[in-house]
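Both of the next two complexes hold chain A, though its partner changes from chain B to chain C.
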Partner chain A sequence: MEKKDYRPMWKDLGLNLEGHDQLLAVLGNAYKDIYMSQENRPKAMQYLDFVISEAHGLRIEELMEEKRKGNKVIGTFCVYVPEELISAVGGTCVGLCAGAEIGIDEAEKVLPRNTCALIKSFMGFKLAGLCPYIQASDLVVGETTCDGKKKAYEILNDYKETYVMEIPQMKTERDRALWKGEVLQFKERVEEIAGRKVTPENLRQGIKIVNEKRRALQRLSQIRRAAPPPISGLDALLVNQISFYDNPLRFTRNIHTLCDELEERVRNGMGVAKNGTPRILVSGSPMALPNWKIPYVVETSGAIVVAEESCVGERSTRDLVQEDGKSLDKMIDAIVDRYMKIDCACFTPNEERIEHILDLARDSKADGVIHYSIQFCTPYSVESYKVEKTLQQKNIPVLKIESDYGMEDVGQLKTRVEAFLEMVKG
Partner chain B sequence: MEKKDYRPMWKDLGLNLEGHDQLLAVLGNAYKDIYMSQENRPKAMQYLDFVISEAHGLRIEELMEEKRKGNKVIGTFCVYVPEELISAVGGTCVGLCAGAEIGIDEAEKVLPRNTCALIKSFMGFKLAGLCPYIQASDLVVGETTCDGKKKAYEILNDYKETYVMEIPQMKTERDRALWKGEVLQFKERVEEIAGRKVTPENLRQGIKIVNEKRRALQRLSQIRRAAPPPISGLDALLVNQISFYDNPLRFTRNIHTLCDELEERVRNGMGVAKNGTPRILVSGSPMALPNWKIPYVVETSGAIVVAEESCVGERSTRDLVQEDGKSLDKMIDAIVDRYMKIDCACFTPNEERIEHILDLARDSKADGVIHYSIQFCTPYSVESYKVEKTLQQKNIPVLKIESDYGMEDVGQLKTRVEAFLEMVKG
Partner chain C sequence: MRTAGIDIGSRTVKLAIVEEGEIITSSIADTTHDPLEQCERLMAQTSFDRILATGYGRHFFETHFDVPTVTEIKAFARGAKEIFPGCRTILDIGGQDTKAIALDEKGRVFKFEMNDRCAAGTGMFLEVIAKTLGYELGEFGREALKGEGTIQINSMCTVFAQSEVTSLLAKRQKRENIAYGIHVAILNRTLSLLKRVSTTPDIVFAGGVARNPCLKYLLDEALVRKIKVPKDPQMVGAYGAAMIAGDSIEIDRSIY
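Up next, the complex of A and B:
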């Protein structure tokens, strides 16, 4: 089938067509090299391959069609933005481009060089005109999870309206009150943009849609606990990454189809790695699409990633919103409570994250943990000290990696990971 | 007069005596080179010279004497900690050591290398056993003003009990409520530690003591607006730095004595620099004692610093607590309101800081602004983009400097500053 020409749409969205063509070419090649070269992939991953191939095409067309129908598109960077409210008013919540080394020259005109790759990336994507999602968004929603993002949104707001939610830094009753106020104010803003009220009926529906998506991802997470695991960490990360972009209903259906196939594999003792392959839990900073570096390094070094303790992974899917709220206020409370459970390193203290890592290492039968911090990601970098210390006390091998989106350090990372795996196997 | 031997006291405090001797020798030499070499210093600076020479000696002895009397010493790192409450219960609020490149090897065992010099410094001082103030403190009070400090306090708490106040990130009514809760909880903690209640009487006294200190510093700030300025930026910074360590009543008296002398100088048209010397406003990250690098570079390059838009400067002294509160609750409200006005870069948005910089540049008759960020200080580094942009729009020359506590870049900084001053004069 001839691929559709999306260039008129991209032009209408104000993209830099030439740069965008180059971007797609580079990403396409990277995907082929990293993903299509994997052996023994589940058949149902073809759906994900298709979604990736149409991430800037068909999916954007769908969003534009939603917009023509009067539905709104809200772009976000963080698992703290309550998608339930957006879904309630018929809107679509999409992740924004932030996972590729792109537009850095542009980004560094407005941001310090010592800024984490994710932040430079979203700024670069916007300034270089390469992200159709931000172009299609009716509103961008930021948050105060880290200094870098908090302050960068002030600058992004000069180029695209950015609404910022204040995330508390502790988990006292006062913080919950602050957060509830933020959720209620966000609800008003969403209603204003959508020209539609959040009601108990549509919010119940919104909660259900998002919970179902999380349940599908939880199911996948459970299945990966099998030995041998029936899916690679690269593919599982891709699923989590795409959960931020795809239509949630279709995505949920397709992930269950994938899970059916994976369970069949488990029943047949079929895996993507030999038994005895070291099982690695990757923990730390989020890996935005198409940041596949760490699982690529790990899985081309003779190990397999069995879980991601990350916003693009367990952190965004572990907790559900209680579905038994009858009134709007009860539902809002359920949303508030669910999001207050997130164990982002923006909280102090954040002991529950360390508990979660220990639980996840045990449940996923990990032989070792790789803690990944994006360079200059202060919350996760500083917290990695306590993570490492606790894991060492529990005799769980741990390797700390700090990296950015560049490919220059892949060789060095492979050397370190291989040495670590020798130790894990020993 | 023979200097007293403080070594028994330092030993009792658990300091590393050998390292501490070396530190004092280095600091003594630096002070001599940087401060005592200045020409035409005000006589009253002799008081500050004395305080500096006894900063680890007599002043610590005084604190130990306070402790023997049952009064408490509270160590802090931030202008957000309400000193009024500490003063109310007879306690002493002291700044902790954070301005020297020291104990870095120790600090980097627990913190990422990419951590700002101030944070590495306080951790290094503690781990290397070189700060008598933290040793003498009954409690250390931290805050959530930046990711680096917020997360580093979790680690510091393993070595010294650290109570953390949550600082809001916006200035809505919700944020004020959060902050009021934090202030009330801090009051309880201070009462618990002191074994003494905060009453309307003692809080009125505490507010008065701290306001008087701020008024003395405001007076100094005003006097520096004269042309030529009667005091160097180095000396004025020292005054601000020492305001965090000295006995507040004695400090206030001595700063008024200094101001009397400076006003006399102004009446006589006497200054520390020739008329026509470029006047520089330094804005940005705090300069903890003994971080004198930027004013040293500026003032040995033919300019004079006339104001510091910084926590160690205008940010900590600009606003007073209203003194007309009759009830305890009204006084607490006055404290809450005063601290909510602080325009730290931890807030988003933070337009009022930019307004304040413009006002201060005008009032201090600055010919140019140097924006200083400690390397890896994300809030001020990112915010510097908007500061620079606004100043350029107003045709105020601006130079952005990023630096740490090392001396390796002094030559390069001098070259940049000299080029900037040529431009300012042109």
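Up next, the complex of A and C:
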């Protein structure tokens, strides 16, 4: 099939066409090398291959069509933004590009060099004109999950209107009240942008759509607990990454199809790795598309990733919004409560995250935990000390990795990961 | 059975041939721009039944010869434990890596750390600074021992340290004192890595940099004379790999 020429659309969106072509070429090659070289992939992964191949094409065209119909596109960077409210007013919530080492020169004009790779990346994507999602967004929503992001949004706002939600730092009643205020204010902003009111009916629908997406991802997470796992960690991470981009209804449907196939594999004892392959839980900073570095290193070193304790993973899918709220007030409360449960490292104290890691290590039958923090990501880097200490007390092997999006440390990372796996195997 | 271990490092390739637990022959060559050719040259001079590869270049060797590999961490752990059965801690400073490895009583690795992507404090660092001071690498440690502890080097980045050394030379500081200061700087960095992992004796100091008498002296002082250095510290990884090749039954491939 002849690929459609999206260049006129990209041009209209104000993308830097030359740079964008280069980006797509690099990403296409990386995807081929990392993803298509995997053996024994589930057939249903074709859906994800297609979404990836059209991530900057067909999907953007769909979003533009939505916009023509008067529906809004809201771009986000964080799992704290209540997608339910966006969905309620007929909007689409999309994750914005933040997972590739791109536009760094541009980003470093406005940001300090020792800023985390994710922040540099989103700034670079915007300043270099390479992210069609941010271009297509009617509003960008930021949040105060770390100082780097918080301050960077002030700068981003000079280039694209950025609405910032305040995330509390603790989990007391006062913090809940603050968060509820933020959710209500965001609801008003979303209503204003969409020109539509959030009603009990459309919010019920919004809650349902987002919960269903989370349920599909929870199902996948359960299936990966099988031995041998029927899907690679790379593919499962991709599913979680795509959950921020694709139409939620289509995504949910296709992930259930994938899960059907995976369950069939489990029934037949079929896996993507031999029995006895070390099972690894990756825990820590988010791995935004196309950051595949850690599972790539792990899975080319003779192990398999069986879970991600990450915002692109369990942190975003673990909890559902209660669906029994009858009034708008009750539904808002349900949303507030659900999001207050998120165990982001920006909270203090954050003991529940450590509990969740222990639970997940047990449930996913992990032989070891790799704690990944993006370099200069203070919340996760600092918290890794407590994570490591607790895991060691429970005799769960743990390896701490701090890395950015560059590839120059892959050789050393491989040595460290392989030595860790030798240790895990005993 | 004769087993071989080949340790392909960033600066040198080491080959050890082992029979009944003892090294019967060993050889070493610079890694150069063509490590594969160097490996082939070393291997052509000897014979063995099986081989196991380790070191930075193990993966290209694995691909080329279809030979199993282990990491340097496991290889050094095994080698050090064979040479010094009481070994509980290993410090390996090679061409571009520094590793600290902690072993349990049975010699199993239970913790390790290595430097990040930067070569500060490694053999490469010593090489660059020695050259800046006009020393041969082989005499650098010996000459540094003649220096006095009057100079503090603040920078551990190879490039910054080099310029710091250049400016000290411009201030007419004695080069052996600068050399001593450089060794103290490496010592401090190494100690902080060791303390994060283990300082349980016996501490075995291996890798090419263990041939440097000044660093060995300083470490010995700092760790109250608990440092043990093998006769041929560079060969520990290759020896360990050859020993591991001997116990794995599934590895049965000879390439020559």
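Odds and ends about this structure:
Throughout what follows, the second predicted complex is superposed on the first by the 426 of 426 C-alpha atoms of A that agree within 3 Å, B and C clash if a C-alpha of one lies under 4 Å from a C-alpha of the other, contacts with A are read in each partner's own complex, and residues count from 1 in each chain.
Operating definition for what follows: contacts are C-beta pairs under 8 Å (C-beta built on N, C-alpha and C of every residue); 3 or more make two chains touch, one makes a residue touch a chain.
Note that the structure is predicted; figures quoted are calculated from it, not measured.
With the C-alpha superposition on chain A as described, chain C and chain B fit side by side in the combined arrangement. With both structures placed on the common chain, the touch criterion links A:147 to chain B but leaves chain C unconnected.
Once the two structures are overlaid, the count of chain A residues touched is higher for B than for its counterpart among chain B and chain C. Here the apex is the CA centre of chain A, and the angle it makes with the centres of chain B and chain C after alignment on chain A is 70°, in steps of 10.
In the superposed pair of complexes, A:29 makes contact with neither chain B nor chain C. In the superposed model, A:385 lies in contact with chain B only, and not with chain C. By the touch criterion defined above, A:155 reaches chain B but does not reach chain C.
By the touch criterion stated above, A:46 is placed in contact with neither chain B nor chain C.
Using the contact criterion defined above for the overlaid structures, shared-chain residue A:166 touches chain B, although it does not reach chain C. Closest approach of chain B to chain C, taken over C-alpha atoms in the A-based superposition, is 5 Å. Overlap of the chain B and chain C interfaces on chain A: residues 402.
For chain B in complex with chain A, the residues that touch the partner chain are 110-112, 114-115, 144, 146-148, 150-155, 164, 166, 168-170, 172, 174-175, 177-178, 181-182, 345-346, 348-350, 373, 375-376, 378-379, 381-386, 402. Interface residues of chain C, counted against chain A in their complex, comprise 56, 59, 70-74, 97, 108-110, 112, 114, 116-117. For chain A in complex with chain C, the touching residues are 402, 408-409, 411-412, 414-416, 418-419, 422-423, 426.
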